[in-house]
Each structure stands twice: as C-alpha cells, then as structure tokens.
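In structure tokens below, several structures.
In what follows, chain A forms one complex with chain B and a second complex with chain C.
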Partner chain A sequence: MSELITPISALGNARYDGFAAIREIGPTGMITLRCKQDVAALPGALQACMGLGLPEKRRILTEGQRSIGWMGPDELLLILPYAEVAAMIAALTEALKGEHVLVVDVSDARAMFRIEGERATEVLAKLCPVDLSNLAPGELRRTRAAQVAAALWQDEAGFTLVGFRSVAGYLMGLLTHSAMPGSELFPA
Partner chain B sequence: MSARLAKGGRLIDRSKAHRFTFNCKWMRGFEGDTLSAALLANDQMLVGRSFKYHRPRGIVASGPEEPNGLVNLGKGDRLEPNQRTTTTELFDGLTAESQNHWPSLENDIGVVNNYAARFLPAGFYYKTFLQPRAAWKHVFEPIVRHSAGLGKAPKDRDADRYEQAYAFCDVLVIGGGVAGLQAALVAGRSGARVMLLEQTGHWGGRAPVDGVEIDGQPADAWVKTTVQALEAMENVTLRKRCMGAGVYDHGYVLADEKVADHTPGDGRPKHRLWRIRAGRIIAATGAIERPLSFAGNDIPGVMLAAAVRDYVVNFAVSPGDRTVVVTNNDDAYRTAIALHQAGLSVPVILDARLTATGALPEQARKLGIRVETNRAIAMVQGGKRVKRVSICAQAGEGAVLEEIACEAVAMSGGWSPVVHLWSHCGGKLIWDEATACFRPDAARPPLNHDGSAMVIAAGAANGALPAADTLADAHRAGEAASKPAGEAPKATAAEEAPMEAVWLMPQGAPVKLRAKAWLDYQNDVKVSDVQLAAREGYESVEHTKRYTTLGMATDQGKLSNINGLAVLADALNEHIPQVGTTTFRPPYTPVTFGALAGEARGEIFQPLRRTPMHDWHDAHGAYWEPVGLWRRPYCYTQGGESHEKSVHREVLNVRNNVGLLDASTLGKIIVKGPDAGRFLDMLYTGVMSTLPIGKCRYGLMCNENGFLSDDGVVARIDEDTWLCHTTSGGADRIHAHMEDWLQCEWWDWQVWTANVTEQYAQVAVVGPNARKLLEKLGGMDVSKETLPFMQWADGMLGGFRARVYRISFSGELSYEIAIPASEGRAFWEACLAAGAEFGVMPYGTEALHVLRAEKGFIMIGDETDGTVIPQDLGLGWAISKKKADYLGKRGQERSFLADPDRWKLVGLETLDGSVIPDGAIAVAEGKNANGQRNTQGRVTSSYHSPTLGKGIAMGLVLRGPDRMGEVLDFPKIGGGSVKARIVDQVFYDKEGAKQNV
Partner chain C sequence: MLILECPYCGVKAEETELSPGYEAHLKRYGPGASDDEFESYMFARKNPKGVHFERWRHVYGCGKWFLAARCTATLEVFGTYPAQTSAPPPDLIEAIKAKRPGWEGYK
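Moving on, here comes the complex of A and B:
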C-alpha cells in the first residue's frame, strides 16, 4: 500500500492571486546539516553529494533543483527534491563519516512559499523587517514574518519564503492579507 | 455668521460638491474641504462642549493642534471617536456627531457645571478623594464617571482593515512644507535614499497662504516644481497623509499613513503604520500659533489668526463679516490683510505692543484698517458665538474703553516650533527670548549610536520662523543630513518687527477676568486654575499638568502648554526656562489602535500552530483547547453530548477498546555527538548515557536551582544519537535551554541538537486493542516479544515510514507512532479505518489527563509550578544517586529543598466520592501572623474518574506520604468543605499489568 501514500505539503499547495501571486509549494526536500564549517571534508562532501560548494556567510547557492543555504556558523540548509532526501542523507553521512556532524531530514517540518510578480517586494515589506531593496544577489535572510520565524531569498522570478509547518496557515493568512489588491505600497 | 465666499479657495474644487451630516443635519461642502472648513461654510460655529463645564466650543485652529473640533465620525462598524474636524478630509456621505453634549449640542444640561465653576477648581478630582470617604463612592465617583470622556467608544467590530510596512532610508524628512521639501531636495540630489512624509493631503504647508515668494515665484509654483523634481528622483519616496508619530532610538520612526480615511469602504487599508529605520531624521514639522489669554477667549468665533487666514485663503470660508484681530506680533496682520482682500471687514486690529511700525502694520493702515496699539481684549461677549468685544489697555486692569460688535476674533500670541519629534528621544530645548518660544538646542540633539545627531530640526520647527530663514535653515539641514549642495533658494516675505510676549490680557486682569481666560480649551483649564495650583504648592510643571489637567487628553496641550507654563512661571516668580516644559511623548497626534495592531486580528491575530491532523479534528467535533500556540482537541463531541460526557466516553473507550491521540505537539529534539551521552546525563536527573540502543527511558529535567522543569521519554537511536521527547509547551524552551548550555557553558563539548518537533506527526494508539489495530495495519512485528514495553522500532507500518515507540502515559497497552508530517493525516485516517472493528475512537487532552491521573502520573504545569522538585513528587527513583552531578543537584541539596517537612505528592480520595475543586487548599489548625488559616496542602489535579466511578485527586501535602489514611479538610469557595483521605496516588492498576501485555 506504500505506493498510495503521497506526501502532501502543509497547505496542499494553496494559492492566492492578489497584487502579487502567493503559492504554497512543496513538499520540498530539506536537510539540516550541523557541522563546523572549517571541517576539512565538508566542501568536498557537499560538492560530491550536492554538486554545490560551501556558501559564504548569509548566502545561498543554487544549481537546478538543489540549493545550499548558510543558516548560521554551524548550520547549513540543503534543499533538494523530496524523493532524493533519504539517499542524500545516506550519502552525506557516508562522505562525512568520522566527523562530528548531524544530518537530519527537516522536509516535513517546514512550509515553503513563493511570492511572485512585479510587486512581490511590497508583500514582504509589510511583514519582514528587512531592507529588501538592499538584499544582495544570493542573500539568504533569516528574519521573521510578523510574529513567526522565517527565512527568505530572492531570484529573478520572485521570493522564496520558508517557515515552520505548523504555522503555514498563519503565514498564508499574512501573505494573503498583505497581497490584497488596493493595498499596494506604491500604487501607480 | 461664518459662510462660504463666492470666490477663491486654493484647495477646494467647487465642481465637486459633497453632502454630509453633522448631528443628523444635512450640509454641503466641496472636494478639498476639511470637515472644519465645511462646517464653518455652513455656519456651524458651535461644534462641541467642553469637558468639565460643558461650555460651547467652536473651531479654533486649522490643523492637528485643534482642541475643540472633535467628533464621533462615522457610524456602527466605522464609528471613530475624537476625530479632529481640522484634519478630517470631507467626503460624500460623511456623518459626524458632536461629543460631550446631553441631551443636545444646542441645549446642554451639563452647562450648569459652568455656573458651578467655582466648585470645580483645579485638582477637583484629587480633592474629591479627601474626607468624607463615603462621598467619593456615592457622590463624586458617579458624577465624575458620568461627565468624563469625550467620544463614544465603538461597540462594533471594526469594518476596516489595517496593515504595517517596513521602510529603510538614509534621510527621513518629516513635514512637507517648504522647509521639508527643500531639505528633501538637497538630500535627494546627494543621491541619498530619502523618504518625505506630509501629514496632510497637500504639499507646501503654509507658505502659499502667507504670500511667500521663493526665487521670485509664488510659493505655490515653487512647491509644484519642487515636488515634480522630487518625484522624478528614484531615490526619493514621497508620502502624503502620513504623520510622523514618534521618534525612537537608533533612528526608528513610526508614521501613520491615513490611506483610506477619506475614501471609506473602497477596499484599501484604512491606515498603514510605517516602521521606518532612518540614518538621519529631519524634523521639518513647522510651528503652531499660540492663543492669547483673555476673558471669553473660548467663545465660538474666537480663532487663531493664522487659522482664519487658512480658512479664507484655502477654503474660501469667511469666519464672519466682521473680525477683530488681536495680536502681539506682526504676523497676525497678514490675517487682517487677507480678510480685507476677501472683501470682509476688520473693524480694528488690537496690538498689545506699544508701537506697531513694521511693514505689515503699515500695509494694514494703508488699506484703511484701524490699528490700535497698547490695546487688549477685556472680554469677549457672547454665548454660543461671538457678539462683540470690550477693549481695554493692555497695560491696565481691564477698564473698558470701547465695545465693538463683531462675529469673529482672530488672535495671535506668537508661534511655538513643533519640537515634539526633536524631543521624543531626548533632544533638548532652549528658550528664545526674542520670539518667546522653546526651540531645539542644536548643541544637544537626540543621539545616534555613533554620537551624531539623530534628528536635525529644520525651518520653523527649528525656530527659523520668517520664510527667508525657514528655507535657508532647511537647506542647511538637508546638507547636514547628506552633503553640501550650494546655494539655497531665496524666500521673500514682508519683514516682521519683533513680537512681545503676552501671557495675560490685559496684564493686570483681575480674578474675574482670569477665571474666564482659558488656557486649555479641551480640558477647561483657565489662568486662575494654574495660579491656584501654584498657590497650593504645585511647583513642578509635570505636577501642575496632572493636577489641573492642563495639556492632557487628545491634543496634549499643543495650544496650551507654553501659555500654561508661562502663567505658572509668573505665579512662581520664576523664569520660563527654569520651569521648563512637560515631556513630549509619542505619538505626535493620536494613532488609532487599528494601525498599531496592523494585520494582527481575526484569523491572523496570533500564529496558530496546527498539527497535520488539525483539519480532521475540526471536521469531527473537536472542542479546542489552547496549548501554547497549538490548538489541541480537548475532546470530540458526538451528537448532543456535553463535553464532560465526551471525556467520560473517551476515557472508557481507551480502557476497554482502543483510542487515538494526536500527540504531534510533543517536543522532539535530536541530540547527537561524541559528548551527547555526557550532555544528557547533565541535563536529566537520571542516566541516559547507559540507555541501550533501541530502548526508551523516562527522564526529568531540572533547572539549576533544582526545580522540575520538564519531563519526557528519551530514546537511544544509535551509538551517538538520542531523541528527547519534551512536553508540548516545552519544546522550544528546552531546545533553547540545551543550546544555552552548549553555547555558553560547555562550548567545547561535541554535541549537535536539532528541534524536529514539526517533522513528525505522532499518534498514540492506546488501549487493550492497540496491538490488534497495528497488526491490522501490518508491516511491523509489534508483539510483546519483538517490541516490549519501553522499546522502539523503525519500519513500514501500513505503508507508512514509521517509528513505533512502545510507551504509555495511560497505563494501557500503548504505542506512539511517529510518521513524517506530510503523511500524518493519511496515517491518522488509516488508523481509524484499521481500528473500526476494534472500537477505535479519537480522544482529546482531557481524557489524556484523566487517564494519567488514574495512574498517578504527574503532569508538568499541574503537579509542578516552578517551586516543586522531583523528590516532592515521589520521583526519587528517576534521580541517579551515582552521578557526580546534574543540573539541579546542588540546588536540591540545599537545606530548604532537602527538608523532610516539604509538601509532597499523594493521592486524595473524597469520603463522599465527589470531585474536590481543582486548586483547593487543605487547612490546618490555627492562624498565621496575618490572621489567615494555616494550610497543609493543596490539590494539583482533580477529576471524576469514569473508570472508578468517583472523584480522584492528587495533591501536595505536608509530609504527605507519611500520613496515609489521614483525612484532610478542603474548604470550598462559597462555603462548606470537602473531606478527603490521603491515599496512594496510583488509583488504577497499581501492578502495571495492563500496560505490560
């Protein structure tokens, strides 16, 4: 009966089209890797398993469907297709064997949103105390969205926002409220 | 009569008429009107009643300093009290009602207070607290409560929505008059990120009204080109209708944008609160004109001179055919000239100074306006509107020289810079003798983190009042906030001769006049009140404010403060700067609660944490209980049963069949590393390092004082990995506690932690049929032999990736199964389907509580309250005697915690089978030093046990375990008492036979 079970994201890919498009996406594979970043084997292990190097402080590296984000001095966030998580954990564990590391699946502990459109910045400017116009290319920003913890980064098409799964509904409520037509921060 | 003029009005659009009501009376105004302008255009000079004496009050000002024009705006779910008519933009269909009147504005009964004014002196409230004591409760309090308050509090849920937004800039300019525009232009040209805020819907402030010319063109034209230049700059953001409300540390500013106040119901947010972080703040907030203190200065029709000018020039509103101007400066002559140019009569200009020979007085004389110096108003005559003024010598005591009939009085006592934003964060003021005002002391500004000036005052707000100085000063401020920018534009306006401070009119006014000379219109404070306060010993301006109510309430004394403290200084025979000002606190003008709450209301008032099965519970009769920010089902109701019945049904079904509990909220923290075992041995009172892989152990965590903090089952996952379960409310706290010790104390220990609470849905399958249910799901061997009590196993259960823990919090055969959260709902439904034939039912947190209480298991937060140690709870077995140390060990050895005479956990069984009220106290013989009954214990958990058919309880009792069989007395609230016998706290299955099958 295993083939019948389909993992579902926190909100079943809910969406809202306001003055920006809000989409809850996923499920997405996410792995927390706790490791001191001066561990010699780390960059090689990441390159071998993820095809990406060690990101600089407060940066996220992306190649195709895989990303590595810097979450703290001893914590990385690995993003990859959901189905590849188990194999990736095994591969990283093997590649870092003998090192003091923690590789843990957090795919289901998170909710992920896309905020897209020309006015995507205006949605997040209502929720996150972040100077979004000064966000550097490839910057991963840990912040809050109103009352909950969140992380965000930007690409050409918009923003990705990650929060905790239990508050996915709250996050969707915030994003919906903030993207309602008529509430544009800089109306034409 | 005030009325609309046939021509003019720079801000109104006569092609767009708006209909509105005031006190249910239909009136007409134009697009661009403020509500004040529209009311005056309809001859509505009377707009409210004063707070204490219910005296008739009319519009005094034209801006946010207005003390009288406060209305209940809108109706029902859009009712807003205390809305200022001077800052409310007129829209079609607006409804307003005056405040503080009964039964009507025109005929108000409260006005008798006016005739009893001598019995309502300064400090009236405080004096009512004195003897006889009964008088406060029965006489004064009802009177004060009835008469206190201005607007009506809304009763309906607010129909509008609100939001907040964050902004960042190098230079924030607050105030969109010519000073703010020039400062923003300078800063904008330097390339700095600039944000410019203007509280009204118009740029340019009062320069266009005052006939200022800039670089040879009228101010209006300069404003237009400057705004266009600013709009063309990508680095400049302009926001109108956005009031800089408060300045806080590190360049943090709150600003309230009135997005849709003037377009209610158009779907936009009503207000938006901007939370701005600015490198430098320029306060270009202008100045406020001061009233003059003469008898009858509060009668409708007496207005500030500049406000009269605003109404004539901006809105083409005449305050009346004949306006007497009274002043101590040249600026007010502009009003006389504006009135004259509009074809209205100015019977006389009364100038308190001995001479008036400046350019403006000369111009007035040339126009044929009568100018009298050393003159004052002895008294304004009239009731609900001005009828005439009695004139006297300013130097004298009020002997009437002449009476002149008029409809309005335009007064000017000079100008006070708006120093609020400068002062909010500690900017200091200096007293300027020449202009008789406090202005920012540039040498003592509010400071940034690096010691530089956080706020730069610009233009009139900096005391640079004449237009030429204003613009030059603003240019300088813009440069100071960015970089040098060359020549400032030149503003030209008529030269003004020095003003002369006048704090009372006439200077020798006797008490009869002083008692009618108002300082604070909104709070009914007169010159005589402040003088009385001074006589009664109120020397500090802050104390005088509270005692007299000078400068309180919605306008915070924007008109009255300087006049009031000048009167106080005079009464104390001090200099004004020695007396000083009251403290300026944010917000500059009131900010509605909606804006402060922002998006946080309704569904998103607070983050609501939902488990993966939340929606299923909701659809199946869950009665919710908040647990931290989680919602957990308290019970699931079926049919019309009560919650109590639901709980009993759920308990019995667990005991007899099988129940399902959503345990997803339980904290789950992974601890891994070579030092993880040692770390957990320090954190828990027991030994976790020796736990074999595949097994579980119950553990207690204490804080360093020894008090019990959290509990839960720990599972050994592999050689250097453990999984720690915490209480539902404790997950984040315990994870932070772990990181605190790892990062701050044991930083050299090799341990990683990860809070994976939300990664898993967790389902407790509990009851004699639990194993049958799991076997039906299939895929894992969950037999007693393969998976005995206190062990765990990984596997595929019914096709789900599962980790099955054989643990029990109910005393029944019990499994807790963790599955990835994304499959949690599917697993829950699979369990219900598989368990249908075995009588499965979900159960909630209350059944969980009853089940654990029947077994005598403690609950963190019930049996513990931060003062309880594990030894108090009979949990000594979970404390390792062999370990050298653990967090809390030292604390538990201290004499008070090691005392054998502590209150300790026991079971309590009522003699009559009833349920003891939760939290009930067991009394002991005698009384304590406070005359209260001595106590010897308290109930920590109390339930009706459906299993046993009687009340059961646990409690902490003095030497409880040594007193088995004794009967204690628990008085009940409301009389009577319950008797209960001390028993073992395990009421059900003492041998543990049921869980061990």
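Moving on, here comes the complex of A and C:
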C-alpha cells in the first residue's frame, strides 16, 4: 500500500533579502510532455486537461495556478499544483492515447525560485547570457545560470526561475550572491 | 563572441549556451566501404580559413542539433539551418557566394 508522503521543496523554501528578494518556492507540480507539436490531438488534450492551449514558440501561458511553457519543438513544461500531478498525468495519457508521446512527472526533479523587486533583472543579468531588457511579455527563456541549465520568465512582480533540484543549492548560492547589497549593476 | 540563432527555437544564443559539434556534412559510408572512405570520414577535416560549415547543439536551450555557416577568420555568420539535411540550403550557398566570390564551395 502506498503511503502519502508530504512533499518538500529542494531547500525548504529558503529565502534571502538583498537588493532583490530571492525565494525558493514549491513544492510545485511539473510535468514534462514530450510530443511533436503538430500532433492533431495535442491542442485539444491540453485544453481539456489543463484549460490552456498550446503556447507559441518560446512562450508560457498562465491561468491561475496552471501554466504551459514551450521548452522546445517537441517539449512542453506543464506547471500545476503538486497534488494534481498524478490525476493530470492520467488524464493527459488518456487524452493522447495512441500518439507518440511521453508524459512524465518531474516535480521532484526540479527546483523553482522567485526573484522579486525593482532590481530583479540585475540579479539575473549577472548570471545569464540573455538580453533581459528585450524579453518579450510571456517569453520563456531557457539558458544557463552560471554553470547550470535554467529556464526563466517574467511577470509584473519579478522572475520565476526553474532549474534542476540536484543543483538547487548552487542556484540559491548564485542568486544570493548576485543579490548582495552593494553589488547592484546600476547604483541609484 | 559568436552568436548563432537556433533555427528550432529562434533564440539568438551566445556561444556559451551552445556546444560545438565540429565539421558538418561529413558523409559516413556504410558497410563494405573502402579504407579510404572510412579514413575520410574518420580523420579528414577541412579546417579552412574562411567559410566553414559546422554542427552546433543548443545545449542550454531546446537541446537540438543545428548547422551553421560562418567565417573562421572574421566570425561572420552567414546563416543557421536545421540538421535534417545532407547539404546546405541553396539560398544560403548563394548568399555566401555573393559575399565571398572566391569561395570554392562546401564540399
């Protein structure tokens, strides 16, 4: 018989308040959906199960606590409450039955961070080779944060950054160090 | 610094977001190939000063392999294109010929 285990995030919701606020958030439900995006059943399956459509190239769609991000020509990232993952995987697997797809729970393989505040961009500009000032609204950008892979996107309050859980401590260290008061890129 | 646009996701990726795959359009000969053919596949590389076709992987991104044409001397990038091809796109070849009239071709 399976036991219900209380999920815990990678760093126990560690936080740091520097010139921007860094928070490790979660646990968050994450599903990787590998599927060629011209599969006819895909948009309908996403709409029926997630309530969101197929995002455009390099975009992330969000509605309430659910998001769908475009990670590549055959990869989507589905974000949803942790407790809903098992049911969502079952629903998507059923909705895409017969198609060449892979639906995998990656919730516990990832770590998620929020970078908030007026100077949040400066924290990431030091770590990622990305022109963040030209990030389009709703753009999901995969890149590296120093030496590890990361995906990030922006909203009104700041950035969300997703990385591998195995390097969560490294990511928190990077973000903390980058947000240290006195190390702003554009001093006031 | 080298910036290549990934033809799959459109990201203008800086060199450190990519992983090199060296010369493109090498032909791997099948069973029954001669020693010379295998040697050319295994060892012979052009290493030109000038127009060069290369494989690159968008490793800190969508993860896909793509191909790029660039100048090894000036780092000018002529174009990038998906890897599912055995020859560069004709319009790219024309564009390179227009820019480098003396270029001997990609083969």
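The rule we apply is simple: the second predicted complex is superposed on the first by the 184 of 188 C-alpha atoms of A that agree within 3 Å, B and C clash if a C-alpha of one lies under 4 Å from a C-alpha of the other, contacts with A are read in each partner's own complex, and residues count from 1 in each chain.
The rule we apply is simple: a residue touches a chain if its C-beta (ideal position, glycine included) is under 8 Å from a C-beta of that chain, and two chains touch if they have at least 3 such contacts.
Everything numeric here is computed off the predicted structure, so don't read it as measured data.
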First (chain B), second (chain C), both or neither: which does A:173 touch?
-> first
Looking at the overlay, what does A:5 touch: chain B (first), chain C (second), both, or neither?
-> first
Touching A:107 in the superposition: chain B (first), chain C (second), both, neither?
-> first
Report for A:142: first if it touches chain B alone, second if chain C alone, otherwise both or neither.
-> second
Touching A:129, do we find chain B (first), chain C (second), both, or neither?
-> both
Contact breadth on chain A, by residue count: chain C or chain B = B
What is the contact status of A:57 with respect to chain B (first) and chain C (second): first, second, both, or neither?
-> second
Doubly contacted chain A residues - partners chain C and chain B = 129
Touching chain C in the complex, chain A uses residues 57-58, 70-73, 75, 129, 141-144, 149
Within their complex, state which residues of chain B touch chain A.
-> 161, 163-168, 237, 259, 266-269, 272, 275, 277, 598-600, 603-604, 606-612, 629-630, 670, 672-674, 750, 752-754, 756-760, 796, 798-800, 820-823, 825-826
For chain A, which residues are in contact with chain B within the complex?
-> 1-5, 7-10, 27, 32, 34-35, 74, 100-102, 104-110, 125-131, 133-134, 146-148, 164-170, 173-174, 177-178, 180-183, 185-186
In their shared complex, at which residues does chain C touch chain A?
-> 8-11, 14, 16-17, 60-64
